[in-house]
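Think of it as A, B and C in the order they're written, each chain with its own count starting at 1.
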Amino acid sequence: MTARQGIIRARTYLALSVALAAAGWGAAAALATGVLLVLVGRATGAELPASLSPLPALAGVLSAGFVVFRAWPGRSLQRVALWVEEHEPALAFALVTASDPSVQPSSSLERAAAFNLRVLRRPLSRMLLGAGAAVALTAATAWVLTGPDGARDMLAGRALETSSGGAGESIDPLKGIRAAIAPPAYARIRASTIDEPSTITALRGSRITVTGHGSDVEAFLGDGAMRVSTGRRWGVELTMPAQAVALTLRHGGSRRVIVLEPRADAAPRVRLTSPPRDTIMQRASGVIRVLAAIEEDIGIADGYIEYMLSSGAEETFSARTVVTGTREFRGATRGDLSAAIDLGPLRLGPGDLISIRAVARDANSVSGRGVGVSDTRTYRVARRDEYDLLTVEAGAPIVPESTVVSQRMLILRAEALLREQPVLARDSSLTRVRGIAADQIRLRERVHDIIYPGHSHPEGEIEATGEPEDVEEGTGPINPHLKTAYEEMWSAARELQIAEVAAAVPFMRAAAAALDRARLANRYFLRSGVSRVVVDVPRVRLQGKDKGSSATRTPRASERALQEIARDFARAAAIPEPGAAANELSLIRVRALAELPKFAAALAPAIEALRRGRDPGAAMASARSELDRADAVARDGAGWSRW
Amino acid sequence: MVSEFVFCTGQYASGDWESAPLVASNLIDSVARYTSLDVAATGVTVPLDSPRLFEHPLVYLTGHLPFRLSAAERANVKAYTDRGGMVFIDDHNHDVGGIFHKTATEEIARTWSPLSQLPNTHRLYSAFFEFDEGPPATSHELNGWGDNLIHPHLSAVVRDGRIVVLYSSKDYSSEWNYHPENKKFSSVDNTRFGVNIIVYALTS
Amino acid sequence: MRSRAEWALRAAALTALALLIWTVVRPAALQPRISDSRGGIETALVNATRRPVAALDVVVDSVPTALHRDWLAAIRAAGTKVSWSGRALSPVAVATSPVAEPEGRIRVSVAGGDSTEVVLSDQLGAIDTVQAAIPSSRLLRTATGWVSASARGSRAVTPVANPVQVRRVLVLASAGWESKFVVAALEEAGWTVDARLRIAPGVETRQGPDYPLDTARYSAVIALDAAAAPSAGAIERYVNAGGGAVLAGPASRLAGLARIAPAVAGARRVAGPRTGFVLGALKGDAVVLERQGALPLVAARRSGAGRVIASGYDETWRSRMRRTAEAPAEHREWWTALVSAVAFVPTADARASGGDAAPVAALTAALGPQSRMGAGSAGARSRVPPVWMLFGTLLASLLGEVVSRRYRGLA
């Protein structure tokens, strides 16, 4: 073995030893830091903050780094040779010379530089033994202070878990509670922890682990008992349910209530941006461009465009559904869908219609995929008998464009008058207002003629009071947008007649908007007139051969929840002990989440204040105020009963 | 009379809401024949997204074509039933495999909750006339139209024991879509169940 | 010089002695002043009681407690002229009363004399703040123990009234939207509702057992239209026996109810959230409860031992069907208020006793109105120096004279 080879081998042994020593000293430093935290925790009697938990690991890394810094001579052969020479002075720098690449190797040099690798045994052994002794000492100390579980926790970096514990010490298992929340995988939300939770709010299906120190704890989810794991820390594992529920923890005579408040994964919101409106066509041709925008709170799984082709008449109808434009979104919270529907190949005939919508599904794997759908746009092919009743080109106005333009001109005139009014003479202002009022009335009459063709309207009559005439029965379906426009014009005219221009402008704008809507999409109000039959009620009154019979009615349920919650709230608020009051209020909050959500939201700060030992006065007053104001409970579909 | 019952037919944008135009006058005639309730001589038609819907706490809907609610229609009719309104929907196709039934049941589930079968002992069937065997069969059912089934039950969405949405696959729209003067040609008035629906809505 | 000084000292001593004797002989000349701000009213009252005085001027910055007020009144009754003064106190009063309804809420009423803010609170803590100058009341679900209203220097306290038990209500009407939604509103509010809804001659929808209409079972009867005509006689007897009746819309026109109805629904209609008829033919003892402008829409009167309300509204269901979130609740509240106003309540008057509901008023009642005397007021105040000063003067004068005499020889 040449000198160079010897140095290389020595370097290998040195590297291994330094690495082992660094690891040993690092572990010892981590354990020592953990022991220190345990002693501090016991001395202060307080639960140390979670931010200190990386400390042992940090100490270990720093120590290991220091050991490497001190013990490792460097990678170069000369440095290693120097290190060997330090421990074998007899070499008299021959090894260093031999390691110099600029020096020609010679047999004399090799002889002078020859060394036995056994000389490394002592220094390396000292290094390793020192590290081993440090590890053994700190491990023994941790063992004595915290037992084998604690020592294992410290080695695993969980020093804080044992900082307040210790053999022979009594601790309150209902204090120092921690909740770890792991949302369902599909949600892609990071896990989180809460210390001393009063309420745990999480996505339905989240995995929740509640832990605390000590043992002998019972847990109940609602009324059902739960399995509690034991050890240095007790633990309960559960899944966030669909409805709010109370998690009750008991230890001896003590109790602690935690509210589990589920958050639902909302279905995607889908908006069809193209086509913008329904349309009637004379012939089904061309391409319909379909565009949709999707928004989701957690993540979109996929979406597609769906259209239904319906045809038929009288009593025979058929339909088929086609799906196109399918796209995957892999959990994005926003997305777009697009498709092009060529009407030519569909061969739609008169009376047929195509109903288009966009559908999106989220990735909810817990309660089932939420499905969001857009509004439906309908394209219809007009029948021959409908041609003279409506304009069938797509988007063509059935309200004369001039009507809409006239209304917009009136608005401009009114706004100009408002701007100039402060500097106008009273007479001029009144003259202009009257002019606008008269034009508004004329325009209103034109709209009246469209709505009620053939009916007369009092010419030029200025009516200061009264309401526009109601739907006249027997005249057929009335375009509601035109009717709205007509009513808004009536209100506008009334204000203008008393020179209240500012009050009239909003009505005028509403009328213009209604005219726009009427102009764009009102096909279903203009189909062939519906025949109406006027029943001669007095003639047929009680002429039926059959007689009915008296029946009974069952009472409607009263809103007892509110009264019961109010009564229980008063009782709970009067409890002097804050922890007991917080527990009772938590149980009330669970009930109130479904029935009185505003009161439940107002109650949360009061419970938190009681738990933290702060003054709950203001929060309680706010909760009471909500309760005194609360009345009707609006229930959503989830609360609907069957019978 | 301001407090009279006005029969209301709902208009929706997606299909043929007006497929049974004579149902209104026929049921008005029946209410007048058998009861002393104040009733308007003609019905009204109101868009589902109109605030005027709230003036008529019972609305009748039917059709053959796809039944799809726009966002405005859905919000309006949901608020309407939250206040106490009642919706009666009848499949004019009489076909549980047909497009109206599929789309209507989907829209009902999305807007309220899925339909459940109404037991034939429900108060609806004794609200005025007695129907001991549940909803009366229609001639279309008996003649094998549509899905060729006689549906023994109606379906409903119920809230606090009250029917909020009543759904029929029995095609009462065809059954009742004739001029009321033609009642004299029938030995049994087939609109009596309609009177039950109206009386139930007025008294529940 | 010395002798003049000694004479002066002698005169001072004699004067002081004379004043001391006068103080003992004429105690009514001294006017002790008691100021509550020094927190010594209890001690001062004890002293004024042990040593009767001719007049007592009490300066306060907060209303004395009921005990102290009674004590002052007793001192006044014993012949001492008592007046009270000090910085202005905020008069405030609070009262609670039960609402005749199933939910058992309590009405808390607060009134005051100026524009200060009053803090309303109860055993559980603060409830709200109100402007004292505007009498206001609110309904509370959660009031417990006692209710207090605190303003500047005043604190009125009253116990929470016990809730009352109500009985069933009976609705008589034709089947229709109004009867449907009135029954719904009352049921949702917790009333037990019996109903007779006419559909056809001899045919009605019934709810509840067939009890006779009397106060043993019913707190109120609500008639909505002419369907109540056959029961008019029973309604009149029931009301005169103490029951309550609400006659809405066309029901107020029934001939059989003319004797008890406070008014009759006319032909003129009004629009608004609730549409209905303007009331006419108001009886002399009718009280109008609700108007639209000058037009009466709801009126009430007593008939026999009972109460009757006539309401011109016949389509209140339209207000419930409005598309606002509060519409059903407002409809329920309105109908509950109407029925509560007439409901027969079987228990005795549950007015709460105890507390100190109007402390400033009580102080004024006990001692008379606040006097204009305040700090610095002369009144009957004595100008005699205090006793210690007189005695000190006497002692110093005598000592001075003795010392002067002793040192004569040294001058």
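Keep this in mind: a residue touches a chain if its C-beta (ideal position, glycine included) is under 8 Å from a C-beta of that chain, and two chains touch if they have at least 3 such contacts.
For clarity, every value in this text was computed on a predicted model and none was experimentally measured.
The leading chain pair by number of C-beta pairs in contact is A-B. Relative to chain A, the most remote chain by averaged C-alpha coordinates is C. Chain centres here are Cα means. That of chain A falls 50 Å from that of chain C.
If each chain is reduced to the centroid of its CA atoms, chain B and chain C end up 55 Å from each other. Chain A and chain B have centres, each the mean of its CA atoms, that are 39 Å apart. Counting partner chains per residue, chain A shows two or more touched chains at residues 542, 547-549, 551-554, 556-557, 634. In chain B, the positions touching at least two other chains are 34-36, 82, 127-128, 199, 203-204.
In chain C, the residues that reach two or more other chains under the touch definition are 184, 197, 199-201, 203, 205, 328. Contact residues on chain C toward chain A in their complex (touch as defined above): 102-104, 123-128, 138-144, 183-184, 187-193, 195, 197, 199-208, 325-326, 328-329, 332-333.
In the complex of the two chains, the chain B residues touching chain A come out as 11, 13-15, 17-18, 21-22, 24-25, 28-30, 32-36, 39, 41-45, 47, 50, 64-66, 68, 70-71, 82, 93, 98-100, 103, 110, 112-113, 116, 119, 123, 126-130, 145, 157-162, 174, 179-180, 189, 192, 195, 199, 203-204. Across the interface of their complex, chain C is touched by residues 542, 547-560, 562-563, 566, 569-570, 573-574, 617-618, 620-621, 624-625, 627-628, 631-632, 634 of chain A. Listed in rising order, the residues of chain A touching chain B in the complex are 278, 308, 310, 312, 315, 317-319, 353, 355, 357, 373, 375-376, 378, 471, 473-474, 477, 480, 524-525, 527, 530-537, 540-549, 551-554, 556-557, 634-635, 637, 640-643.
Across the complex, chain B is touched by residues 174-181, 184, 197-201, 203, 205, 225, 249, 269, 275, 314-315, 317-318, 320-323, 327-328 of chain C.
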